[in-house]
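The structures come next, written out as structure tokens.
In what comes next, chain A is part of two complexes: it sits with chain B in the first one and with chain C in the second one.
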Partner chain A sequence: MKSDQLILNNPQSSPADLAKSKKKKMNAKMMAYYLMVIPAALLFFAFHTFPAIQGIYYSFTNWNGINLDYDFVGFKNYINLFKDTAVRDSYLFTFKFAIFAGVLVNIISLAVAIGLNAKIKGRNFFRAVYFLPNILSVLIVGFIFNFVFTSIIPNLGEKYQIEFLTENILGNANLAWIGILIVFIWQSCAFNVILYLSGLQTVPTELYEASGLDGANRWQQFWKITFPVIAPFFTINMVLAMKNALMVFDQIVAMTGGGPGTVTTSISYLIYTGGLAGGEFAFQSANGVIYFIVIVAISVFQLKVLQKREMDM
Partner chain B sequence: MKKTVSLLAASVLSISLLAGCGSGENAGGADNGKVKIEFFHYKREAMDTFDKLIEKFEKENPNIDIEQASPPDAGTVIKTRVSKGDLPDIISIGGDMGYNELSKAGVFTDLSKDKVLEKVQPAYIQMLKDITGQEKIYAVPFAANAVGVIYNKAIFNELGLEVPKTWDEFVALSETIQKAGKIPFYHTYKDAWTLLPSFNALAANTQGADFYEQLNKGEVLAGKRYKEAVEKMVVLSKYGHKNQQGVAYNDGNTAFANGESAMYLQGIWAIPEIKKANPDIELGVFPFPATNNPDEIKVISGVDLLYGLSAKSEHPKEAKKFIEFMLQDENAKQYIEEQNAFSALKGIAQDNPTVADLNVMMENGSVTDFPDHYIPTGVYPDKTLQTLVQDKDVDAALEKIQKDWEKVQSRK
Partner chain C sequence: MRERTNWPVTIFIALGSVAILIPLYISISIALKNPQELAESALSLPLNFHWENFTKAIEVTNFFNAFKNSSIITIFTLVFTLLTNSLVAYGIARNMHRKLFRNLYYYFVSALFIPFPIIMLPIVKQTSALGLNNTAGLILLYVVYGMAMNIFIYVGYIRSIPIELEEAAIVDGCSTWGVFWKVIFPLLTPINATVGILTCLWAWNDFLLPLVILSDSAAATLPLVQYVFQTEFGADYNLAFASYLMAMAPMVIVYLFAQKWIIGGVVKGAIK
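Let's turn to the complex of A and B:
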């Protein structure tokens, strides 16, 4: 057989031969693409999808995580989930946390991004500084803030006679969640700032100049020009911030252990402690399935609402 | 040329991936003819002591390599390893619910007929049977702990205080200390589990003698029988300090070591930690005066450390050798001296003057196991107590414990 290259380059090749060689060339290319993707897909399936499916499987059993045998119990775990007060409280806490965190993270990161977009001195330096929290380990940051809240702030409160600072906020059943919120926002903003920054840079500067000539002030410029143009970035930031806030875990491990009592026990924390230490493996697997559905539902809802808004803009 | 270079680079990178896998494999098996044993335990405070003993063992047995593993939250870690099927050769935890669950899961080798058990005091062997409800023994009890009240002898001398023998004397003593401007107890309520030692001491002595009997019949009496213990927890919470909700175990150990409070409600396992922070402190431990009948008060003592042999160990003989080594008199004595524990073995006394006040009770056998070893996991009494000492609502706490216990019971 003549080589495909020769056939393709030869202006006198028959149409049938040309077609065959082109297909072969296309197939060779496709093979390369498949070879690049398949290993990654296999790993993803093995370490992500397969365990998830296993989890769904276990949620229909009564396995406690270490026994050698278990029975199938059908939907019993799911029914018990809806009756369980600990589960209900964890969902309520997580939703409350997610709403506050989602909104505050976006407001603060947008504000910071606008600041970092302006022509300030040392702009690159500040951008690096504001991005730093993102590369730190979430758990370590939690432990350090735990120390700050437990020892450093009460000492400052005592020294400068500021009453409300003298107690560890993390030990207060009503305010512990605020401690977690502060640390979460501090670290999450970094990533959202980057997204907003890239969004802000897509706004054509001529629009600002033109509107400035027409007499628009900063506030009007923001609402009528900036905000509508960065609408897609706003969408993605809201969805990501909400999702991360719903999955809050590391800070709770490092700072409050779900306490005092169970007031800062988030859904993921309950699944972890109940499922592994608490011996409720199958029950918490069912909780995990519901958790997944909830997060997907909320994210899809957000996308639909916000993308419609983008269209309207 | 470029193609060759990039091909070489790609293959080097992929081979380095495999190198990571390779070294991981060797860790479990034999290495240069040496047998590697993994010794997994939950006593992070004892890692130094174990290092010394392991060194001694390895000198006597040059072909055995013992690797110590003590991660934080070891109780949870061992459970995850069990579900993965990755078992260490020797598993050392306490005689608690975890031991019960692991025994039922078939993790341990049955040691009931093993002659190592002959060295152990019968009271502690009985405890293991009580916890699992079975006649078979799956581990060797090694060290026992005790819960009393740790006190700072210097502060007691300064204020001219005497060790209290009854509950009323205990409360009066705390009043005196508080009026003198000092902190009676350095509570560490941020760590929920630190509420358990005092709760255990109170509940064991006030819950009624037939509590466990009724429990075995399926009757959960916690809501009623824990009332006195819960009320006394509220009383104790009044004699703490301003930031007691916000400080944790480690903060408490350091603060008490630095003389910030007169007493510390912890088990004797905390003593090595306190001494680390302040080696010069003079400590004593007196039995927890849970009631006004000092003759009936029992000291809470449980199996603090046991040695379990994994049923799936590849080197059971060598692992057994290490366990037998640890059970030798001089090694057992070294452990209890350095860790301020009591020995579960026959004939090994704890001479440390710090715990001398407890010795009488331990020798009499006036001991009883931790009530929370019988509370099923999933009830979380420590978290309920954490809420209790903040809002002081006795009825709510009792109701919650009762409900949670029934809920877990019904799930089985």
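Let's turn to the complex of A and C:
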């Protein structure tokens, strides 16, 4: 207001007034920036950070999610988490699953990507086919494979007298996780193949020609030329594949419901079933907090280790 | 490098793509058969097309209602995400030298590390207390949760746009808002495509968030309907697969036409 009046009263603005009006323009500009950012930050806090804090808060209570009153119980939920066999089993299953998934998805994706990058017929067609699973609903793909494992493969096994195919692996406590792993790989490779392919296209072809003249074989070319260039893609793909595998949920719902028994109950599936239907709201909130710490620790660890490798190469 | 076609690799790639296509072929084949034909063989080519599986599935699952729900959620999420997330990212990108904005950037992006299950239980209580356990609430959550990833994508892109372009517009009397809508937003088209594709795929296919948030079954999305009707399908797999196909069809059709575009967009989102 004040600078407005000054300018109005004094048509021949002094340099000081000009500076003030410029400052006012700056303020209006900053105001616009604040208006762009602050409401979004508040919404994000209200619907993302606040529930996360609430989760931490409830993890120190004994709330079952339904009753009106609850008590604080300190670290009791956390202590019980480490004693609970269902929780322990879910972590063991999820880690086993994530390690196999991370490694296999990356090996298969890289192999397919190298194939797609070679001189092949119909490359664009095949590229489109390999990416197709990425656009499909994870849940529905799970339902489709559920039928493949429970009915189609056993029927084929019986028809052609192939003993090991006659069993429904989703009903076998020792093999059910492999069924889920296959679906996960089938769908996750789509994204990783395309990412590796875009990495491979950044490898300069002259390097291959030069090393070919030097007598390097294919294997040496891969480890000395290709892999160092695509190492950053390896990092992204490994972190993403492991993170998605640690969060596995839809496939479990569609294929096993956590069974047979509880052998394929992943951490997120346990938090969902125990916390929302099982009356373990507070207990599973504590589980969620530990799960969060585990995911952050693994992601940071992977980024550190893999990035160090990248620099060493 | 030899320019000749590498046949062994072509065969390897072709075999791999069969592994991708077989489950989809099976789905189509089952959806077109009747129970007797399915009992004989699931893999054989469907000879008589039993389109009534589809009409029955439409009736049983109230397909058009779920289709409408999924479409509304996806379209509104898409529009609001593109308009708001880009604006927030612009505000941050042009002020990264200021502590508040830089911290907000890290605040949004660090949320990428927070797994949904830690939020899941409280957000269910929160949305139902606020009356947001419906389509509108779901759209709001998609737009808000999407910010973590989208701000990361947008900020990187906006910072590569030369600031001189904006200064020219300011000299012409544009306000900061005008600069964004008239100068910056049109320049964001390639990255808007990326964010838009990722957002559509997420909102259309997501299962967990509708599962925990939506309380009214009439608001159910397409994936949720497949889950809810799983018991109703019972042993009628022909019906179930017809329903699965119809739920996946819209995205597949879009993909058939915009395949190059979609792949390019997704890659750009990942490597920025």
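Everything below uses one rule, namely that the second predicted complex is superposed on the first by the 267 of 313 C-alpha atoms of A that agree within 3 Å, B and C clash if a C-alpha of one lies under 4 Å from a C-alpha of the other, contacts with A are read in each partner's own complex, and residues count from 1 in each chain.
As a convention for this text, a residue touches a chain if its C-beta (ideal position, glycine included) is under 8 Å from a C-beta of that chain, and two chains touch if they have at least 3 such contacts.
No experiment lies behind these values; they were computed from the predicted model shown.
J.: Considering only touches as defined above, state whether A:Gln220 meets chain B (first), chain C (second), both or neither.
T.: neither
J.: Would you sort A:Gly288 into first (chain B), second (chain C), both or neither based on which partner it touches?
T.: The second partner, chain C, only.
J.: Examine A:Asn64 and indicate which partner it touches, taking first as chain B and second as chain C; both and neither are also allowed.
T.: Once the two structures are laid over each other on A, A:Asn64 reaches chain B alone.
J.: Regarding the shared-chain residue A:Ala277, is it in contact with chain B (first), chain C (second), both, or neither?
T.: The answer is first: A:Ala277 touches chain B but not chain C.
J.: May I ask you to decide whether A:Gly259 touches chain B, chain C, both, or neither, giving the answer as first, second, both or neither?
T.: In the superposition, A:Gly259 contacts chain B only.
J.: Check the residue A:Leu170 against both partner chains and state whether it touches chain B (first), chain C (second), both, or neither.
T.: First partner only.
J.: Which partner chains sit in contact with A:Ile135 here, chain B, chain C, both or neither? Use first/second/both/neither.
T.: In the superposed model, A:Ile135 contacts chain C only, not chain B.
J.: By residue count, which of the two partners contacts chain A more extensively, chain B or chain C?
T.: Residues of chain A touched, chain B against chain C: more for C.
J.: After the superposition on A, what does A:Gln201 contact: first (chain B), second (chain C), both or neither?
T.: neither
J.: Have a look at where A:Asn27 lands relative to chain B and chain C in the superposition and call it first, second, both or neither.
T.: neither
J.: On chain A, which stretch or stretches are contacted by chain B in one complex as well as by chain C in the other?
T.: Shared contact residues on chain A: 65, 151, 276, 281.
J.: Touching residues of chain A toward chain C in the complex: what are they?
T.: So the residues of chain A in touch with chain C come to 28-29, 32-34, 36-37, 40-41, 43-44, 47-52, 54-55, 58, 65, 112, 115-116, 118-122, 124, 126-141, 143-145, 147-148, 151-152, 155-156, 186, 191, 194-195, 198, 205, 208-209, 233, 236, 240, 246-247, 249-250, 253-254, 267-268, 271-272, 275-276, 281, 284-285, 288-289, 291-292, 295-296, 299.
J.: Report the residues of chain A in contact with chain B in the complex, numbered from low to high.
T.: 62, 64-68, 80, 84, 149-151, 154, 166-173, 256-262, 274, 276-281, 283
J.: Flag every residue of chain B that touches chain A in the complex, lowest number first.
T.: 73, 75-76, 79-80, 82-83, 101-102, 104-107, 189-192, 242-248, 251, 377-378, 380, 383-384, 386-387, 390-391, 407, 411
J.: Looking at the complex, which residues from chain C come into contact with chain A?
T.: So the residues of chain C touching chain A come out as 1-6, 9-10, 12-14, 16-17, 19-21, 23-24, 26-27, 30, 42-43, 84-85, 87-88, 90-92, 94-95, 101, 104, 107-108, 111, 113-126, 140-141, 144-145, 147-148, 175-177, 180, 201, 204-205, 207-208, 212, 222-223, 226-227, 230, 237, 240-241, 244, 247-248, 251-252, 255, 259-260, 262-263, 266-267, 270-271.
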